[in-house]
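Two complexes, one shared chain (subunit A), two partners (subunit B, subunit C).
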Partner chain A sequence: MLKIRKFFRYDNIGLVFVLPAFIYMLVFVGYPIISNIILSFQNVTVKNLVAGSKEFVGLKNYQDLFQDTVFVNAIFNTLLFTVSCLVIQFIIGFALAVFFNQNFRLSKAIRGLLMMPWMIPITVTGLIFKFIFGTDVGVLNFALQSMGLIQNNIEWLTTPGTAMLAVIFANIWIGIPFNMILISTGLTTIPQELYESASIDGAGKLQKFIRITVPLLKPTIESVLILGFIYTFKVFDLVYVMTSGGPVNSTHMLSTYSYKLSFEMFKYSMGSAVANVLFLILLGVSMLYLRTTTKEEA
Partner chain B sequence: MGDEKIISGKKNFILSGVSVLILMGLLFPLFWIIVTSLKTEQEIFQIPPTLFPKIINLKSYAAQLGTGDFNMFRSFANSMIIALGSMVLAVVLAVPASYGIAKYNFKGRKVMLLGFMVTQMLPVSVLLTPMFIMFRNMHTYNTPIAAILADTTIGIPFSVLILKNYFASIPKELEEAAYIDGCNRFTAFVRVLIPIAKPGVIVCAIFSFLYAWGDLAYGMTFIIDQQKRPITAGIFNFMGQYGTKWSYLTAFAVVTIIPVALIFIFMQKYIISGMTSGAVKG
Partner chain C sequence: MKLKKVTSLVMATMLVTMTLTGCGGAAAQESTEASAEEATEASAEESQVEEAATTEEMAEEASASGDVTIWYYWENESHQKALDEMIQGYNESQSNVSVEAKYVPFADFKKQLSIGASAGELPDLVILDNPDHASYASMGIFADLTGKFDVSNYYEGPVGSCTYDSKLYGVPFGSNCLALYYNKEMMDAAGATVPTTWDELKETASMLTTDKVSGLAFCSLQNEEGTFNFLPWVWSTGETSYTIDTEGGIQALTYVKELIDSGAMSKECINWTQGDVMNQFISGNVAMMINGPWQVPTMRAEAPDLKWEVALIPQYSQYASGLGGENYGVIAGGNEAGALDFLGYATADEQVKFMMNTMGYISSDKTIAETQFTDDAVMKLFVEQMQYAQPRGPLAEWPDVSDAISLAFNQVITGAATPEDAAKTAQGTIDSIVQ
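Showing the complex of A and B:
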């Protein structure tokens, strides 16, 4: 008893505060991660999910996956999706951040309103863009036709190449506010005097941007891109709502394919193996991110 | 860029004009579903499309309120229960945890902090099947409890990482003064520290609510009865069955946005602070 009291004097009392949340996370996140790894080495389908013996099959699921063209394409799709979204939303977000950093009367109010797309449930966003990209009902086809850019309505979501374009477009819409607000915050940390003295030295707007803004924003840019990569790479809801991976598997991401294997085809072990590949990639990128941020944390 | 002085006159006029155009362009999709939800089914399919409904038609809302399999009101209530439940659970667990991490240097602190950081980046795909099995064994499958428990795993790490910064910024003297006044660790935490960190607690509550409100994957995987499903999963089901009934679908979507819009209007400063501090400080 005395030993316990001694243990909880001073700093270790902090454990009392942290443990409830930590144990919660161990039970509902830690344990599932481990059991997902085990699951991927077994042969679990709907027959032996709850009861029955689970056969250990080693790396077979993973070997099968790399023979599976849908899986290989899903890796490619996820990368294409992530990189396209990242580049475009970063450029637009950066431009908007610089624009709204000017102190005109409506700047703060309108920048605030632009956060809206980031906040609404992604299921709703998926629905909105499914509607806008609709073949006959969609306002996009109408707009393109009336501008004379297309002759016949494009079947955006039911043609392989254009379906990918549509989901990328929708995801950029969600990502722009995120990029804009983080870069805006970064911009406010740059001391004003730097620009003033650069002006005295005769620097033009472009020079100030390249020589002052970009180098001083480097830490912000790094975290925006790495976080953006993580959020985009694990995309699920948006693609699942807009295309469910179709048409003919052309928009399957690792997450949606994992879901399809587990909860539509009931090949739980295969789905788990796909999820683990996704997890492994994200873990690598996360480590990169933590290395850059924990330097300041301590 | 970054001019401190307020821009006025002609330049202000031009910049404000441009910014309104940007706003209209970027928020057009939102405007478009609200307008569509007020049109009749024929008007939605009309070419050229109308920018505003000819007559405001509330049928799409009224028809889904009380009856049918896709009862909007019930889905809304289900989501409310799940989101509020998850919010309370996340805040109750995360507030003390973040205080412990910010103020005490116990053994294993770094590992735990790292643990919270890594879980924030986890894809749901990794957790879905194991949780599915777990909830079936716990007999919480197909109940709101399953969704609450799962959604809270998103709220906790986010909240811990945000609030840790709030608690760390509170000077030690305040806590010591409380001890002199006769508080112990726990009463000082409840009576002195939590009230100071209140803005941070609000940010955490809002985000935990929003994460749970917007969740689709957990809600549709762990709850299978349409009557019990949250509103996001309800919309998804509806799309599968009546994919082209856009008047009903858009009305459903608008209703889903309402709580988010209210939070957005009344608590915008908390949202922006949550987004920036959560992401930049990680």
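Showing the complex of A and C:
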């Protein structure tokens, strides 16, 4: 009895408070993850989903996947998509955040309006961009042609290379407000006095930006980039609506390929193996994120 | 130290999964919907019990009772209304069984069925796309209807699609097939005649193509819908769905390539559903299209002034068309008696005629189909085309075969591979599935 009482004194009482959340996570997060991992080591298709023995095949699904050119391309596509979106979104978002931080007339209102892309449901955005990039009826081709920049219509969504560009472009449009608003928030936490004293010391605008803004924003920048990475890496709806992974599988991401394997071709185990690869990569990135944040706190 | 590592791992996991909630949220919403439905069902059941008690004598005779839930995927409003009307008629005609239909979007339909099957939460009756029937029958979710339902009057193709391991796992709902639609005014203006062969079709398509109008269009999506529209070209050369790397198969792929290369067909067909193709046709952007009879009611309603007619799909060496349509599948372990009772009502002449005519379908029941259309030239053409319609499958692994075929024509249309290479790749995949 004394031991129990001693156990709950001071710090350990916290464990009890954490317990409900822990149980919740175990049931609603832990269970699906573990059952998905088990599924990826079995050979489950339509034939044995409901009845029949689920054969254990070890790493065969993963071995098959890495032989599959569509899967290897999907990894490459996902990385290309994530990195290019992240870099461009971040640069434009940062520039806009600094710009709107100048507090000119209407700056707040316009900044609010710029949040629109982030608020529109992604399926709607996907459809809009699908129309914009249409070959014969798309407004982009119409505009380019009116300006005399192109002679013939570009087949944006029906040519493998340009389809990827179109999807990346649409996602950048969605992601800019996310980057802008988080960096804006970060900017407001930098005390004005620092800039004032820097001015007195004779620092120029560029120097102020590099020596004060960037270092003080480092934690914000890290969060923005890593959250952005996770958010972009698991893209599904936008690609599904705009191209469904086509043309000729050229825009398949890990998420869309996993969906296709599981729910269009009924290869449940292969689909879950792809999902697990996606999960592992994101887990690695999250670990990195937690490590950087905990280091700073310590 | 070790504990710290573990906690950080757990936290990382949480972070990832929290950001992965895109799907999670939707699923949660669905389950609440489902539970709400269950609640209403439960209360319905209670009132049913009361009713049953008062009409005990009747209930003794009919073994069917309780609730029957149907899943279907028709997005077309007139289809939905027709189904609702038939169900209402059934519910009013007797008091033992109460039927309720639930719409599940086509894109989610297979997913919902798979999830439902593994979670044991399925409806009692589904109306599903016929090429998928064999897959689900092999999964074991359908009740064996052999001997319980007379299908001797039905067309072979539709019955074949619900047969698996020589047992009957469903009842054909209704059939459709593809035919050639053409814009009469454009045809007359160009001085063209209705094509009957591939060469004529290509020529006519080129004649009808202008700056704003493509001569021909058919859905070429890289999925089942695209395969449905592409296979008639292969079949017309005398080949089957499983022999693509043959003279005929390559011929079909080359033909599509020539249509695209000559500009007579827009590359955008790889992003158009059959509905999109129809919309392009009625907007006057496309002069001819391959499409099904289910578009007819919509086209007549949306573009009453457009003058169009239909013809058999032009042939290479024989006429061919894709057999489409839906089947009823009774879920094993559900309310089988109730579902069968409803099927008895739904497959009676009067109901079938009503459903087929409202939806622009052709009855799978030969005797009904023959007398279904008397003065509708368009629908009569579709009945004629029906005799050349071939089923896809039936094969449990059909989705894999279909995927290989749709990849092949997408590679050819986008120029990613030559017809020969695409055919070879597809054949390799097909051979690994079908021995």
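To be clear about the criterion, the second predicted complex is superposed on the first by the 266 of 298 C-alpha atoms of A that agree within 3 Å, B and C clash if a C-alpha of one lies under 4 Å from a C-alpha of the other, contacts with A are read in each partner's own complex, and residues count from 1 in each chain.
Everything that follows uses one rule, which is that a residue touches a chain if its C-beta (ideal position, glycine included) is under 8 Å from a C-beta of that chain, and two chains touch if they have at least 3 such contacts.
Since this is a predicted model, take the numbers as computed values, not measurements.
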Subunit C versus subunit B on the shared subunit A, clash or fit after superposition: clash
Subunit B versus subunit C as contact partner of A:Phe266, first or second or both or neither: second
Partner touching more residues of subunit A, whether subunit B or subunit C: B
First (subunit B), second (subunit C), both or neither touched by A:Phe229: neither
Touching partner for A:Thr135 - first (subunit B), second (subunit C), both, neither: second
First (subunit B), second (subunit C), both or neither touched by A:Phe71: neither
Which superposed partner A:Thr158 touches (first subunit B, second subunit C, both, neither): second
Subunit B versus subunit C as contact partner of A:Val248, first or second or both or neither: second
Which superposed partner A:Phe81 touches (first subunit B, second subunit C, both, neither): neither
First (subunit B), second (subunit C), both or neither touched by A:Arg291: second
Contacts of A:Val46 with subunit B and subunit C, given as first, second, both or neither: second
Set intersection of subunit A contacts, subunit C complex versus subunit B complex: 25, 29, 33, 49-50, 130, 134, 136-137, 227, 230, 234, 236-237, 262-263, 268, 279, 282-283, 286, 289-290
Partner subunit C, residues of subunit A touching it in the complex: 25, 29, 33, 46-47, 49-52, 130, 134-137, 155, 157-160, 227, 230-231, 234, 236-237, 243-250, 262-266, 268, 279, 282-283, 286-287, 289-291, 294
Subunit B-touching residues of subunit A, taken from the complex the two chains share: 11-18, 20-22, 24-25, 28-33, 35-36, 39, 49-50, 96, 98-107, 110, 112-125, 127-132, 134, 136-137, 139, 142, 146, 173, 176, 178, 181-182, 185-188, 190, 192, 195, 205, 208-209, 213, 220, 223-224, 227, 230, 233-234, 236-237, 240-241, 254-255, 258-259, 262-263, 268, 271-272, 274-276, 278-279, 282-283, 285-286, 289-290, 293, 297
Partner subunit A, residues of subunit C touching it in the complex: 8-17, 19-20, 22-23, 110-111, 114, 117-118, 135-136, 138-141, 214, 221-223, 266-268, 270-271, 285, 396, 399-400, 403, 407, 410-411, 413-414, 416
Complex contact set, residues of subunit B against subunit A: 1-8, 11-12, 15-16, 18-20, 22-23, 26-27, 29-30, 32-33, 36, 44-45, 47-49, 93-94, 96-97, 99-101, 103-109, 112, 114-119, 121-131, 133-134, 136-137, 149-150, 152-153, 156-157, 160, 185, 189, 210, 213-214, 216-217, 221, 232-233, 235-236, 239, 244, 246, 249-250, 253, 256-257, 260-261, 263-264, 268, 271-272, 275-276, 279-282
